[in-house]
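First chain A sits with chain B, and in the next complex the same chain sits with chain C.
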Partner chain A sequence: MNETIRELLGRVGGLPVAVTDITDEADLYAAGLSSFASVQVMLAIEEAFDIEFPDSLLNRKSFASIAAIEATVAQIIKSREAA
Partner chain B sequence: MSLAALATDNTLSTRAHRVAAVAAEFADRVDADGRFPKEAVEAMKAERLLGIQVPSAHGGESASLLEIAEVCSILGQACASSAMIFAMHHIKLSSLVEHGEESQWHLGFMKEVAGRQLLLGSATTEGGIGGNLRNSICAIEIDGTTCRLTKDATVISYGAQADAILITSRANADAAPSDQVMTVFRKGQYTLEQTHVWDTLGMRGTCSDGFLFKGEAPAEQVFPKPFAEIAAQSMLATCHLLWSGVWFGIAADAVSRAQSFVRAAARKSAGQVPPGALHLAEASNLLQLVKSNLLSGIETYEAARADGDRLSSMSFAVAMNNIKIASSQTILDIINKAMLICGIMGYKNGTPYSLGRHLRDAHSAQLMISNDRILANSATMLLVQKPDFSLLG
Partner chain C sequence: MDMQTSFLDRLFDAGLLIDTGVDGLYGRSGQFEDVIAAFERLIDKVGGGDGAEAMRFPPGMNRAFFETSGYMKSFPQLAGTVHSFCGGELDHMNLLKCMEVGEEDWTKDQKATDIVLTPAACYPLYPTVARRGNLPAGGALFDLQSYCFRHEPSKDPARQQLFRMREYVCMGTEQHVTDFRQSWMDRGVAMMKVVGLDVTIDIANDPFFGRAGKMMVNNQRDQNLKFELLIPINSAANPTACMSFNYHQDSFGTKWGLNLEDGSVAHTACVGFGLERIALALFHTHGLDVKDWPEHVRAALWG
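After this line comes the complex of A and B, so read on.
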C-alpha cells in the first residue's frame, strides 16, 4: 500500500520535491502539498483501492503524511471488511 | 429609555450602538475623503470593544462569535468601513485567542490588546502570490533570538493606523510557499513604505494601502502553530462569518431606508399600497435568507470549534465558503431592490434614502477573497466531499 500511495503522490501530488525524499512521517503540507493537489491524491487513491473516503475522514489530519494516508486507507478497508 | 439611562447602560449592544452613532455621523465624510474613521475607532476603544473577544480571565469579556458578529452588523448599519475595521481586528484577535495561549509572549500580548485596546492589522496579501493568502514568497529570517521580515504587502488595511500587524511569511528561507508562519510585529518594530494608494469604489475608509513592510522583533513573537492550522481552524471561518455580519448590516440599513421610503409614501396616499411595497417584501425575504444563513454558519462554527478535526474538515470548509458566497452575492440584490424602491432619492447622495455608499461598499464583498477563487476551492473539494442532506445536521 505504501508504494501505491507514494506512486500516486508522485504522479498527482504536484510536490516540489521527489517523493523518495519524503519520509513516511513528514508533513506533506509543509513539503508543498496544496489543497487542490490533496484532492487529486484522494481521488487517485479512491480509484486505486476502490474505496470512498467518508466525510469524517476528509480533513487535513488524514492526509498530513504518507503514514497518515496509509492509516486512513487501512481504516476504510478494515471497516468495509467488517461490514 | 432616557438618555441618562442609556449613558449608564453598558450592555454590549448599547455600547455598540453608541459607537455606531459616532460612525454614522462621520460615515459620509470618511467615504468622500477616503480617510480612516478615526472618530469611530476612538469610540470603539473608549467603549472597550476591541478586547471583548479576549477571555475574561485575561482581561476581556469572553464575547462569543455571535455577539461579535452582532456588533459588526450594528456598526455595518452605520458605516461599513468602520464595521469592516472592527471585523478585521477581531479576525486577527481570534488567532491570538484560539492559538495564542500556547506561548507566554502571545498570551501576554492578548492581555495587552484587551487592556490597552490595541488595534490589530493584517498583512496576508503579497505581490506575486495572485491573491492566495495560503502562499507566501517572503520568508522570515530567524537569527538567534531575533526575527526579521521584509514583505511587499500590496494591501495592509489601516496599516498606518494599526497598533500591531500580524503578518504571514514562509517559515524559513528553504520552506515551500505553503509552509507559512504568522508573526506579531508591534508598532515601532516595523517600518512601512507606502507603495499603493487605496482609492476605491467603496470601503474607502479602511485605508487598505499597499506597503513595503520591514520588521525586526524578538523571535518569540512568531506564532508556534503553523499558519496553515491557524487559517483552517479559526481565520477562514471567522473571516467569512464576521465579514458576513458587516455585509448583513449594510443590507439591513438599505432595507430600513427603503422601508421608511415606502411608509412615507403609504402615509401620503392612504388606502393604496405604494408600488415599491412589493420590492420591499422581496428585499425582506432576501435579508432573512442572509440572516438565517449567517446564524446557521455561526452555530456550525460554535459546534465545531472544540474539535480540531471538524474545523479542518472539508465539509466545514465548504459550509463556510457557501456562507461567504451567499451573503456577498445576496446583499447586492437586496441593495439593488432598495434602490428600485427609493428611486432617484436613493440614487442621489445626501437624502435620508441615499444608497450609493451602501451599494459601493457592498460591491467589495464579492472581491474580498474573490468569489471565483472560493467557488473553485469548493468545486475541488466537492470532487470527494459528499454533501450532508440531513436536516438534523
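After this line comes the complex of A and C, so read on.
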C-alpha cells in the first residue's frame, strides 16, 4: 500500500521534491503539497483502492504525511470489511 | 408563507428593490442606495485613517487573471463568463433566424471574450500589485469596491447574483496580516452595534464544489482561515454572513508572486463587507422606512 500511495503522490501531488526523498512521517504540506493537490491525491487513492473517503476523513490531517494517508486508507478498508 | 419570498415581496412593494424578472438580479431605489452610501461613509470613518490605497475596478476582470486565480477549482458553479457574437454576416443571419424561431439555443455559438465577471472585489488587485515589484517595508493596504457576480439564483434577497463588495486587503508578514484581520473583526462587531444590528462571529462555510470541495471546506475550517460576521435577515436560526475575514496564508503571495521587501513571500488577508446584505439587515431590523429607524442609528449613518 505504501508503494501505491507513493506512486500516486508522485504522479498527482505536484510536489517540488522527489517522493523518494520524503520519509513516511514527513509533513507533506511543508514539503509543498497544496490543498488542491491533496484533493487530487484523495481522488486518485479512491480509484486505486476502490474506496470512498467518508466526509469525516476529508480533512488536512488525513493527508498530512504518507503514514497518515496509509493509516486513513487502512481505516476505511477495515470499516468496509466490518460492515 | 415562505418567509424569504415574503421579505423580498415587501422590498418590491416598498420600491426598495426593483424586480427584473430574474431571481437575484434587482434594481435598487434611491433610498436603498442612500443606505449603502451612508454605510460606506461609516466604513471610511472607521478604516479611513489606516492609509489604504483606494482602487476601483469594473465588475469584469481579465480572463487570464481569473484562470490563474484558481476560482474554477473551487467554485465552478458560481462563475460567470462574458461571451459575445464573433461571427460574420452569414452567422448573423443564422443567429437572427435562430432567435426568431426560438427552437434552438441562440447563445450556443457565442464565443468567450477576454472578460470574466468579477467573483470578489479583490481578485483584480493581486496581479496588479504583483506587477509593481516587491512590496514596501511594512507591507501594503488596499481599499476596493466592486459589483461581484455569483451564479446562484435565489428568492432570498440576501443572495443576489450581482451585488457590491467593499474590501480592505492587507499584504505583509503573517503577524501583520493576522493582526489586521483581528482588528477588523473587533471593528466590525463595534460598527454593527452602532447601527443597532445583532451579530455573531463564526467560522465560515463556503460552498466549495463537489466532494473535493468537502475537503477544501474542512481544511478551511480546521485552519481557521475564514470567519464571518452573521446577522439575522431571513431567519434567526440561519443568520446571513454580512462580513467575512479571510486569511489566505501565503497562497496568494505564492500564486501571484507577491514578495516582501526582503524577497520572502507575502502573506495576505482581506476583510469584506457585503453591502446589499448590510442594507437588507438594516431594513429588516429597523423597518422599511428609514424615517422610522431609531434616532441613534440614523445619527450613526447620516449624523
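Just so it is clear, the second predicted complex is superposed on the first by the 83 of 83 C-alpha atoms of A that agree within 3 Å, B and C clash if a C-alpha of one lies under 4 Å from a C-alpha of the other, contacts with A are read in each partner's own complex, and residues count from 1 in each chain.
What we mean here is this: a contact is a pair of C-beta atoms (placed from the backbone, for glycine too) under 8 Å apart; a residue touches a chain by one contact, two chains touch by 3 or more.
As the structure is a prediction and not an experimental result, all values here were calculated from the model.
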*Record, for the superposition on chain A, whether partners chain B and chain C clash or fit.*
clash
*Residues of chain A touched: more by chain B or chain C?*
B
*If you stack the two complexes on chain A, which partner ends up touching A:39: first (chain B), second (chain C), both, or neither?*
both
_Quick one: is A:16 in contact with chain B, with chain C, with both, or with neither? Answer first, second, both or neither._
first
*Could you say whether A:31 touches chain B, chain C, both of them, or neither, answering first, second, both or neither?*
first
*Could you tell me if A:59 is touching chain B, chain C, both of them or neither one (first, second, both, neither)?*
both
*Looking at 79-87, 97-105 or 205-213, which bit of chain C clashes with chain B?*
205-213
*Across the two complexes, what residues of chain A are contacted by chain B and by chain C?*
34-36, 39, 42-43, 53, 55, 58-61
*Can you list the residues on chain B that touch chain A in the complex?*
134, 171, 175-179, 226, 228-229, 232, 308-310, 312-315, 377, 380-381, 383-386, 388
*In their complex, what parts of chain A are in touch with chain C?*
34-36, 38-39, 42-43, 53, 55, 58-61
*Residues of chain C that touch chain A when the two form their complex*: 70, 73, 211-212, 214-216, 218-219, 222-223, 251
*asked:* Taking the touch rule as given, give the residues of chain A at its contact with chain B in the complex, in rising order.
replied: 16, 29-36, 39, 42-43, 46, 53, 55-56, 58-61
